[in-house]
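Below you'll find the structure I mean.
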């Protein structure tokens, strides 16, 4: 039986919700394929997040892992292309820790590319009328950290498994009172379901430009 | 019986839908108050829109009019503060007409302020978790035109009626493939329902800053 | 002898400089035409600014008045189209006063349009390689206030004089450490000189689209 | 004698100038230190750019290399943190070539980090009143390509040399007529001079947060 792991994050930066976890919960509930969809909530904590991820990988032994996080300020779904080997925290994590320019894995490579079919996912979301694009950076906070840790661990322990990271916008309630874009959790959930399905179906990624001039 | 008129626009600028009309349709269907909610679709045409508005005002004799339009690129609901007496079209309208710096009503005043309780509406939407703010400009295209024409006509013919204009973001399907923010039509519909309810209930607007530094 | 008045604002919102005053100072120093260019620094104070403006108008009896202010966050020069009869302060002024939804002139019209040739100015700046556009709102703070007061006073006391408002971006030093666009004071100064020259030369505005869809 | 190499790009994407080359030219002319500053103009061409870079490295045997490019739409100077091993061109290069998801160096690592003191440079620019920040992505076009190629070549051939990439905004003339931020070439030149000086002086980078949440 194919095993799928979706992870979301707990709230941070003064928020009371994190739409990544809300969308992951709903995606599990709505999944109607024969595959098993497992979920794990990851703390916004540079140390504890590694343990939470490791436990979920050990327990569920997934063939496909899609880690999801909140990207406040982005207008659409981001299929992240690359994780880099650096922690550089603009704000402290939920445990009060604020690493600056620290390697995630001192002996690891500078970066890992996503092994999801990110261009096929963007294409599928576009066909479904959901704003989405490839992103060239997942930042340098816990989202990039867990993405890098995931790819580093999969390469060492589960080289046949595929994995990647998806950023979703603020939920509307988070954007109320400000001037940031948002996306309903329902639409973000539909996006995750489409990304899982596309990732399971794609034998290779499609060839389509998805880069940035800078 | 209190009569309410909601107007939305037809699609323009190459779009196949206009979320303002979709939201107006749904708001009418979902309204559960004792008041009558009437609707009218307005053409994106500097000349024909005046006739469509006049006909709707004659037919429904509304006590409250909320005109709604699409503001592609804005992240939340805009309660428009002011309509100005100018047409200056960046692109031709659906009939191919592109007025530049033409007065809407040659003998009319330079501007009209909304008579909706716009601050109370922003407050109500914020409490409902819907991104919203006061906007200081409705542009110079057909949205501002119909807003100005509405206020000009109400002042002349129905001075006790209240009216105003609300801009809503792109629907997600319009933003797919680009980099613009969007809002689900469902959430925009909920916003319209809250704006109607607040406008009916408010005897005066609340005192809350809602301005812009520039 | 033709008399020209340029006004700039003092610093506000925690800034130590206001590029509008810096540019006005330099424009006066660099002006090489036969006309007299006078300048006045206006306080960011909803009450005192009226007195400062009135004194300058009395003293210099200008034929052309260009009021200039800082628009932090805008990327280019803004030729403001319209002043509206409302004070709605998002932050207190330098005297601690924060009016909300108060009319500037209780018996005044809802708005005044600029009597500068704003389209010709945008065209001239574009030819000079300076980013510029028409703006449909000058906000609801002291910039819009002085713009409205200027037009209200000119109409009553000096109906043959022309006037308007120009917003300029942050100076680079104000944007350092943040993520906002900026413009060198030198370039903003060149823009003011071109706007003065164009306003003196234009007998009528050019016909060119400069509106906004919303 | 310490040898420094600055590179800029030729114009692309329909532009007639590239401010990166203009600023590099001026920085060379204005440099007043004892070190030799050499310059090279790099074609916006995924194939020819490698040869141009290789020739400059062979000829000048630099101890410090700062490659500079144009980032249209960014408001300030970007100190790029990381180059990734991918070409993904949103538009064709000046030779009409448009690679999609192609490795720059098939046997190379996924990424290289800049070996410039990027945090110290941001700090120095901030003290000089020049908008600047660390950037987590140099895109996937020729800027990222030459950055990756530079670091790959330095590691192989000149492991003691340091190198990195700096993005600068549009020049004002490029932004005229649009709605993008810009920076005068004079200010960008001053920024390059400060970056060269800081890179020569710094024995280690400063510890300061410069990351992104996403």
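By letter and in written order, the chains are A, B, C and D; residue numbering begins at 1 in each of them.
Here is the rule we go by: a contact is a pair of C-beta atoms (placed from the backbone, for glycine too) under 8 Å apart; a residue touches a chain by one contact, two chains touch by 3 or more.
A quick map from chain label to UniProt name: A, B, C, D = Pyrrolidone-carboxylate peptidase.
What you are looking at is a predicted structure, and each value in this text was computed from that prediction instead of being measured.
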Same-site or different-site touching of subunit A by its copy subunit D, using the half cut: same
Between subunit A and its twin subunit B, rotation from the CA superposition, multiple of 5 degrees: 180
Approximate Å spacing (C-alpha centroids) for the pair subunit A, subunit B: 38
Averaged-CA centre spacing for the pair subunit D and subunit A, given as whole angstrom: 30
Centre distance in Å when subunit B and subunit D are each reduced to the mean of their C-alpha atoms: 47
Complex interface listing, subunit A residues touching subunit D: 13, 69-74, 78, 81-82, 84-91, 98, 100-101, 109-113, 119, 134, 136-141, 143, 167, 205, 207-214
Touch list for subunit B against partner subunit A, complex: 75-76, 125-126, 128-133, 172-173, 175-184, 186-187
